[in-house]
């Protein structure tokens, strides 16, 4: 069954159609990657899925339910969680507080006004666990604004994991992360995919990573859906080769 | 401490009389506050012949700045009543501050001489028996204004700022003017903070009155625009109260207008005023007393006279009894505290603004004195 | 963290105790009135801090709620009877009006970005000022009116204790609130609204909650203010009142609550002393200049407000100590 | 080849944190020098220290024989140093055109030529010439950021992770452009994409925990699996 | 018809005057994003110094020049000592500029005394022409012309140079602008000085318009200027001009036709604009 589906999803910014009649489905527990040139509309598509933007046409369905008109908050509660391409954290809160807030939301603790937040032990523990998972333990009490770029990316991932949604939308999670640590993060993602049976949609430009993880790959070009197929098939696609990959990966993937 | 409970009786054996004066010594009304302050000091000097003593008691004065904020006024008044244990309060420069302090006078059972706040409600709806006012009130102004121009068959339009001061003033003026047979054909109210009054003036022009009576206070004023809109050419004469000297200098365009004045140092013809002008000049570098200086002086004189009469008895009930109906000489002639509402009836002046050689502002020239009886306002408490 | 927390709790306990005992040892009523004034403005500034410090909302119209409280108490006690019952009814009336207004203003305006929200609140407060001016049958316009207070609160000492108790209660309630899960979402919104939304928090709900709580507490402060003066006029709706709250909050340190109280205390005391000096020494005649200098110095030396800056110094010492064993190179 | 920039044992604090604890490296004219190291090692801080954005508290930075440590940023830039920051530093409310205009220091023929060259390199920019920088896609922002640094006649450009967020084909173009410019402009590069770094880099320095721990010719590193494993975690 | 012309003409003139008051703030608040509560103080200082010089020399032109110079000098001092430490921090800006505002307006009283000063238009600008029922006040024509002139000059500078861009970029990301070799500190200082000079100019031009100046005028008009900048759209010069004229015109017509609302007219206008067009009437392109 398709957990996530779009029908003729379209958004125009002024005269420019950033996402153009895109219809696709993501089956439950699938790992789907999205590739495409810069400005193809990948991030915008995510924004439409998670509700940051409202489409000028078309619909988004979550488990068969039309969620097109719902706010990002509602969609997050219904199970669509996302990370952001441009680091998007709470700058003047600590790493712990950043993650804790996400755990808190997951647990549905929203309007409790009379108890101290630290009295929710399980939440604290969970937050600490996640910080460990993304290798940020040393920076637990740092303000997010003071982290190095790669560290912020990790925090971003921890916050997404904390939300523990059924669907994870990952927008270039490892951009700027160091070589050494990419594999570790990939491990985390892979484990989540396997053990916790999540549906994952990933935007990446790192082809080796995509080939390694994906069940299927979707290609966006100029806002339009060019192909949605098995990774092997996609790599054979000529347009993908010439207009997206160029020469760089030839020798490497060969 | 005995005075906090309000039993003022015990204080009659004190060696000193303490007076607390509340005034705006900073902020927008600073110049008014300073006039009151100077006037009050000179008034004490005059009334005690420089001894600063009355009925064998030394007079001490404490000035406090209300900053034209009611909460500060209350704080300062309480300080005066509690810590300085004053026997009289005097003040204040704004009606709001004064109104906020009125209940304290009653609570602490101390006489408060209101000067120069004008709101009618002070001696009207908010009146309590401890309140005496040497200042004239809005209604007196209005009656004086009416007396200067209202006659049978005269059509008058009014222009006033759109807040209590203006609205009350116009209401009182209308009553007085209609009593004299005039007709108020249009009431125009303007945003006091506006920069442009031409739309208001336009409406006045359309009402085709014989007179435009303007009630105005505050720095921002419509005079320029009234002149620019050529009302006088259209046969509409302007009338208003002459303000303090600083504001007079903005009234150049209105030279020739007939109206009234509360005080200008050349208007009253009596010895006290002569003394005031002379001493003031001596003390303050040639400056002449201004609009509210004689008010401050009158307040001081009224207090000294009252104590003289009670022979040093500072018991508030005795004082009230003494002061009700008491007459005393001031730079503006004889004033009398009316028994019913403790408002001092006083002389006001019908004047014409004229240009005078060597004076950089138009000068109010006396047409005639408006006697205290003539300008007596209705009793409203 | 814990130690710091418990130490500051101890300081606060001592301060509270001193304030409770104060009237028993001091018979200066004007000092008592000054302190009462500080308590009232402390409540008002704390309510503002909830907006500015915790939710990141700048409002230029907070006086609106203060005025609503002041007028409802004034009008009820004047028109009805000066009894405690009517006082409580007037409080509730103030809460209701302030709550509704802050809800509507919140709904209309919290979608706006900072300046625009600030200016819109300025506009609304301006409209209330005009209303108070124009509805003369009820408000007596700009001059305002005096009224009698309930006998219970007539005594300044009783009123002092009442205000102290209310301030302490408001402080603890707000402290609880800001440290609760819901309160921490407010801070998240302050930091990054869009991200908070995408975590599943309904930003508008929280902003409205903050706005309504702040509005109601400001109205409470306004009611007490009216009682303390036994008089109310349009000045309660002016920009000056909003600026007072703003200055007190900022000087004390935004986002600290206690800072709001300290700010209120500092400003009121500085004011008191400066005007006193003005009475004694002629060079202080222009004491307002010194007041201005005080603000400037506050920014220079306490950029995060008094409480905020002290805390920073405190935590800096703490982290340096903590890091020293691990990272030897950290210079003292 | 002559040394264009020499960084000698700089130490940098941010607030009370001791971030750089002795970083040294040399950039030779006409070469591409790469700084490597894991997250939080201090690469970005090194570039910022050179630019004067986080001035070092000790050590020397010598550019064209002149000490420039502690100079205000604009003076450093004025000496012909361009900078592509890690977070791209796009002026979000300004259009692409305006972003370029702010960066443009001269309006001579050369600049015009370079402008044309840049537009050839990143045709997307021309396409979105009048669009607000903040509305660009992540990759487009990166292109704009690089473009702004290419616009002026710089002798040295500091580039912080240019490949981040760019499609493979664009990464390739950027690499080509760097090689193409070598004649005129020297590059100091921070890069996590090892394929890219190894292809265009001449010399490398590895920074770890705020210190330079290793350096050498790029070919050496490519061959030296042990070292790659030790410092970069890759084989 | 004559009535409409009268109202429109006066509304336009008042609008232009408001524009002159707000022009400086459009730079300082709109463009540089500094919540400058001391703006009214700069404005009042311009008015006082200008009127004083005008009275002393009997030359209005010298008065204007004096005001502008005062504005420049005060602007430099203010920027250096008050604003520079708090760029980008609105909370600190509010506190420090309010403090400075107190000092500025209190110092006015130290120098010129607590009384209001009166000012009249010079002979050649005084009085009015009457054409039928239309009354044209000469000074108002002068204000309209000056307003247009200032608008033109500033607009030209902003369009022809990249100063405007650099300032906006500097507000968004100061470090990056510096990394392009621009001394943003200096640019900010000059723009702030020009903003203050414009404020001062507004002050001296207001003086003959209303006839009097007083120390408290600063705060009153600063709020009006803030309203105009926000309604017009932050940092947009055409926006400010349009908003100012809108405020002037609405004031003029509402006072005539709906006097009950005249006190509230500015607030209502601002509320409506903000509710229905939250970004302001003109948003800066980009």
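Structural remarks
Order of writing sets the chain letters: A, B, C, D and E. Residues in each chain are counted from 1.
Following the convention adopted for this analysis, contacts are C-beta pairs under 8 Å (C-beta built on N, C-alpha and C of every residue); 3 or more make two chains touch, one makes a residue touch a chain.
On a predicted model such as this, the values are computed, not experimentally measured, just so you know.
The chains in contact with chain A and with chain E alike are C, D. Touching chain C and chain D together: A, E.
Taking the mean of C-alpha positions as each chain's centre, the chain lying farthest from the centre of chain C is D. Centre-to-centre separation between chain B and chain E, using Cα means, comes to 36 Å.
Centroid to centroid, with C-alpha atoms defining each point, chain D and chain E lie 44 Å apart.
Inter-chain spacing, taken between the CA centroids of chain A and chain D, is 28 Å. Put simply, the C-alpha centre of chain C and that of chain E have 32 angstrom between them. For chain C, residues touching at least two other chains, in rising order: 133, 286, 288. Across the assembly, chain E contributes 106, 109, 263 as residues in contact with two or more other chains.
For chain D, the set of residues that touch two or more other chains comprises 17. Of all residues in chain B, those touching chain E in their complex are 26-28, 30-31, 34, 162, 188-191, 193-196, 198-200, 202-203, 219-221, 223-225, 228-230, 233, 245-247, 249-250, 252, 361.
Interface residues of chain E, counted against chain B in their complex, comprise 3, 6-7, 10-11, 13-14, 17-18, 106, 109, 114-118, 120, 127-128, 130, 135, 137, 139, 206, 208-217, 220, 248, 251-253, 255-256, 259, 262-263. Note for the complex: chain C touches chain B at residues 27-30, 33-34, 37, 133, 136, 140-146, 148, 225, 228-231, 233, 235, 240, 272, 275, 278-279, 285-288. Across the interface of their complex, chain D is touched by residues 162, 165-166, 168-169, 172-173, 175-184, 284-286 of chain E. Against chain E, the residues of chain C that register as touching in their complex are 52, 58, 108-109, 111-116, 119-120, 122-124, 126-127, 130, 133-134, 239, 243, 246-247, 250-251, 254, 286, 288-289, 291-296, 298-300, 303.
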